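Okay, got some structures for you below.
Look at the two complexes coming up: chain A is in both, with chain B in one and chain C in the other.
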Partner chain A sequence: MIRHTLRSLATLLFAALIGSIVVFVLVHMLGGDVVTVLLGREAAPKDVQFMRQKLGIDRPLVVQYLHWLRGVATGDLGTSYGMGYDIFHEIVRRMGPTLILTLGGLLISIPLSLVLGTYSAINAKKVRGGIVDVVAQVGISIPAFWAGLLLVLVFGVRLGWLPTGGYVPFSDDPLGSIRSMILPVMALSLGVTAVFTRYVRTAMIDVMNEDFIRSAMARGRTRRGAALVHGVRNASIPLVTVAALQFGQLIAGAVVIENVFVLPGIGRLIVTATLGREVIVVQSLALVIMLIVLVLNFLVDIAYGFLDPRIRDKEAANA
Partner chain B sequence: MKLFQQTGRRGRRRLGVTLVAALAVAGWTGGTATARVQRPASTADRSKTLIATLPQEPASWNYWEVGANALRVPTFYNVQETLVEDKPDGSIVPMLAESWTISDDGLTYTFKIRTAKFHDGSDLDSADVVYSMKKNAESPLSKLSAPHQNVASVTAVDARTVQIVLKQPSASFLKELGNSAGYVVPDKFLEEHDAKKEMIGTGPYVFSDYKPDTSLTLKRFDGYWGTKPFFETIDWRFVDDETAALNGLLAGEYDFVTSVLAEGIERVATFSKDTKFKVLFESAGEVSYLWLNTTKKEFQDQRVRQAIAHAINRDEAIAVYDGYADPTCLMVVPYAEPYNSDYCPYTYDPEKSKALLKEAGYENLEIDYPFANVASHPFTMEVLTQQLGAVGIKVKSRSQELTTWLDKTWAQGDYGMSEIRDSANILQYGCKGGREPLGKSHPLCVKEFEDKLAVADSNTDPQKYQAAMSDLVKTFADLAWVTVISAPKVPQIMRANLDGIQEVRINNAVDVRSAHWTG
Partner chain C sequence: MLELDDLRVHIGGHEIVHIEHLSLEPGSRLGLVGESGSGKTMTAKAVAGLLPDEARVSGSVRFNGRELLAMNDRQMSEVRGRKIGFVFQDPARSLNPMMRVGRQVSEAIRVHSELPRAAVARKVVALLEQVQLPDPPTLMRRYPHQLSGGQQQRVMIAAAIAADPEFLIADEPTTALDVTVQEEILRLLISLSEQRGMGVLFVSHDLGVIRFVCDRVAVIYGGAVVETGRTEDVIAAPRHRYTAALLAANPGMPRDDNFRAFIGQRLHTIPGSVPPVGTFPSGCRFRNRCVAASEACTAMPGVLDAGDGHRYSCWNPVEGL
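The block that comes next holds the complex of A and B.
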């Protein structure tokens, strides 16, 4: 078990390191740097060189990368070139809207998909089960930004019930904060719910063919009762795993949603930092996101070790 | 689980009622919390806050090293002021200099500095002006520094008098002091403050609260030397998505969308017809033009350049802006300068274009055309590609993200032709040492133009200056290295009762000094 944990941890750190190198190289391949953004079209080459020197981006790329990596090792992500903000503090500040968005999306998607997926599985051979399935398929195929725009037009512009965009911190106005996040969370959770519903449906159909369901029904449970009492519990365990693994997808969805709803979260910071060629901000963000996703994967991996006796047995056999 | 089992028809009905009630509560709170607060319904409860959207946000607020228009748009005139003020009709009026005299030889400018306060409470005096002018001269931004390269000395004669001596007469110098080159900040501002995060000026609004990716709040400055503006607070919101900005305007969350440049153009006509809104077509201080790489062999032949210019149908090209642009052939910025005219040496004539290409031996001309994939540039690319294709020129277009375009195309010169919207004055198109708006790697150096440019700027007689400038812009058009297409009018959409927004944008600024609600 310890060996399994250590191996997973080493893989996590190695993956994060490789990921940060890939991001570093890709951002540099885009062309242009933060000085191009700052000075714009007007600057003379000598002034561009002066600014590059001032910001330390005239050094070889390897030196720049290692300098950043040394900072990371000591817990210092550095400061942004343009606005001069502390990157770590900025990421923490931006986590609020993104966590509300992603966790809110998960909190809505998981129970909703359990209900819809189970309903669809129980009624798999009936029209109403098929309808849920078709709706889930449609949900998967609707892009998040389009769903967001439709929600804005209906609930923001047409009905005027909810804000069309912007973020209100909870500390400033709790009700305003909740209202500002309703549409973004709905837009983000739509596709995720659809994916989870399909997953729960498939898992439930499998579970419904298990012996223990037949046993429960033989003891007098109805098919629906057996599904709800015994089936949902079994089908939902892998759903939690999938939800953890889907977190990366949720962050990707947050990039789109935060831009549609003008939310100052991590996703928007990724876009503005990339467009502004704030290389160390992009690198740091990529590292943090990768670590979050990898830690979740790591925890799932560890959980498998505990939950699945076959992994423990394999470890013992190899020892 | 028991709950599920017991949930019969009655339970489901109860659930439905709860959901409807929840939605109704959400709807009710929606009407009171945000929308109504931000929608002034009558003159009595009208807010003294103006909420306006900006499509871009600068990388930093350091005016000394950030060249992006995004910095000037919300702050020029509103927060920061200059020595003099350039007016849309080309005239120059006092600002922080309440008066000035120019010596007969056109070399010595003596400014009388007005009594004013900076936002930090300090008094404006000659030392601040001398410091600011010297710092502007050192800026890496040529917009700030280029006009000062002709300055021999800047001295404080006394606490309220500053003297600037030029190396040679310059007709444009005073005008440039109404641009970024004339910014005035407190003495030692750049050394003692973090200019990336704060801005101290003498304008009617104080740079109050900046939230990255969200907003910039300006508060009315009680110690302002001039007429105090109507609005107590200006809340600039950074909304780069035009659709989101226009939806927010429709929903009553914003009062004013400052620029509609891309996908929102198609919605302008709808807003124009809606009595709740007003569309102001701002004559931007910009022109749209295509320009050619001066190092390419094929473009050394003037017939090829003329052929390209003749292939451009400006009336059709302004469809990119849904017609909200004036077709023009001259590089005149601002568009209202007195030396502007309808002179056009190469009008749309595809047959002549084909004939010129044939005569020059370039019937199968191919041009590499990288374009910035923002604002109107992709649409302009489509139009130009089609028009040049109609005369047999094969255009190979390449989409580039703006910063990539700035680096690869603009700075490194990897292009055959490209298109841009620029606010640079014709005097800044000089060969080397100027602002070189034709790209950093391939400046335009034509003796005929250079000679006329030098004469025009050293002309201190106003009438002769206008005549020389008229001649200069015509010569520039004749050369056909640059084909000016149009002077776009940027739609600004606002609530119908918002008044006082300027129709001509000077120095890229959205000037809200006179903005107010009307009855």
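The block that comes next holds the complex of A and C.
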């Protein structure tokens, strides 16, 4: 188990290093010059040259890359060209709303999809099971920003129950903070819940054909009882995999949702930074998002062992 | 007392089982024997109410006078495990891989009674001892994949008898196991049946195994019982041509009491194979594979009695041996 964990950890670090190079190269291939943004198109070549030197972007790319990597490691990424904020601290500060949004989305969609998917699978041959599946398919096809706008319209504007946007830090006003996050989390988790529900449904239908479900019924469980006691845990393994894979999608969704609800998360930062050609901010954010996804997959790798005793034993045997 | 009357199972428009009559006395052991596709497993599943969704059942399955076929899933769940226990063919697939052995053995007890946790645990230990598994307190904390095939089947048996059912339905319980383990499991089933006065419906393709375990046997072909009687009578003097062919395929059988001589020694084979569902000939369903088939066999044979409950349905029976 420990050896397996270390091996996964080594894989994670290696992937992060490769990923950082890819991110760096891609961002520099995007083109666009921060100096043009700062000084305008009509600037004198002398001034442009001076500005490039001042920002350190006249140096060779390899030097810039290593400088950036050292900055990531030491927590010193310099200041924003245009806005003057400390980049590292700005990213850390902006992580809060985004993590609440995405993890909140997972926290809601996983249990909800387990319930809905199981219900749909148990009643797969009845109308009510089919309705859940149809609703899930519709849910998948609704874009997050559209869901967000609808929610704002209904709960924010029409009913006036919840704020239409803006962020309240938890430390300032716990209740207000929760209220301000309800609609964004709902909007974000809608599509993911629909995707998860369909996965749970499929996995559950497969599990219900297993011999051990029949055994449980032979001991006196009803079909429903066997599904709940024996099926859900077996069907949840594919869900864990999908949840980790979908997390990247969830962050992409968060970028949109943060803009709809005016939340100061990294999603909004990435948009303003890209428009401002803040190369270091963009590539640092891309790296952070990549690291989050990598760490999550690493955790999932370990979670398998806890969920499935067969995998646990196999890992112990290989150690 | 378990009684089947005019039991029919249809799947996809084809009648795959039609049992005129079959009964199992308390404490006795009845074997259901036939080739793959003969309908024996479907018969057992029909009794259990565990048929696939697309199957249609009609007729009557009575347990102590109560009609099982009229029950819904909830009512049937009161019978399953509590009144009738089940052991299946493939123990590795029949146990939940993610659940500890003890939880699966105790499942029937927890479903059917309100016993406190400690009492349940004591009962599980006693059950694991009864099925002769070593070190029950440790074993009950293990997962199925950590046990051997024979141990897994012992666990399945312990789970099946946990709520003290009156009947046990065993569907090819030893087919997935190797020969030495097979014998141990069969001996265990026999001794549990005798200690508990528990009736057993034992489904197998192997007459040797049936003879080892059962007092009575019903030979099934094309979904119907073609010959039934005391195991010794049927094996010593088979009347139906299909039974005779099954016996001929098992040369060591008639006299040898040694279990190991019964198995793995196929010499003769029955010509052809069981036809696909819906393509059985009219009249006697065996006639297209039968060495003694005649013109008469195109009509359905009646039930004839050879004495002592030994009955068969054949136009050209084997006369004496």
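Throughout what follows, the second predicted complex is superposed on the first by the 278 of 319 C-alpha atoms of A that agree within 3 Å, B and C clash if a C-alpha of one lies under 4 Å from a C-alpha of the other, contacts with A are read in each partner's own complex, and residues count from 1 in each chain.
The definition used in the following text is that a contact is a pair of C-beta atoms (placed from the backbone, for glycine too) under 8 Å apart; a residue touches a chain by one contact, two chains touch by 3 or more.
What you see is a predicted model; the values in this text were computed from it and never measured.
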item	value
First, second, both or neither for A:K125, with chain B first and chain C second	second
Touching partner for A:E210 - first (chain B), second (chain C), both, neither	second
Contacts of A:G82 with chain B and chain C, given as first, second, both or neither	first
Contacts of A:R219 with chain B and chain C, given as first, second, both or neither	second
Partner chain(s) touched by A:N234 [first = chain B, second = chain C, both, neither]	second
Partner chain(s) touched by A:A244 [first = chain B, second = chain C, both, neither]	neither
Chain B versus chain C as contact partner of A:L149, first or second or both or neither	first
Touched chain A residues, chain B compared with chain C	B
Which of chain B and chain C A:V200 touches, first, second, both or neither	neither
Common interface residues of chain A - those touching chain B in one complex and chain C in the other	225, 229
Sites on chain A touched by chain C in the complex	125, 210-212, 214-223, 225, 229-230, 233-234, 307-310, 313
Interfacial residue positions of chain A with respect to chain B in the complex	30-34, 36-45, 47-48, 50-51, 81-85, 90, 149, 152-153, 156-157, 159-167, 173, 175-176, 179, 182, 225, 228-229, 259-262, 264, 268-269, 272, 275-278
Chain A-touching residues of chain B, taken from the complex the two chains share	1, 4-5, 26-27, 29-31, 33-35, 57-61, 65-68, 140-143, 194, 196-197, 211-214, 237-241, 243-244, 247-248, 250-253, 400-404, 406-408, 410-411, 422, 435, 437, 440
Contacting residues of chain C [partner chain A, same complex]	48, 50, 53, 73-74, 77-78, 80-82, 85-86, 88, 90, 93-99, 104, 107-108, 111-112, 143, 145-146, 156, 159-160, 162-163
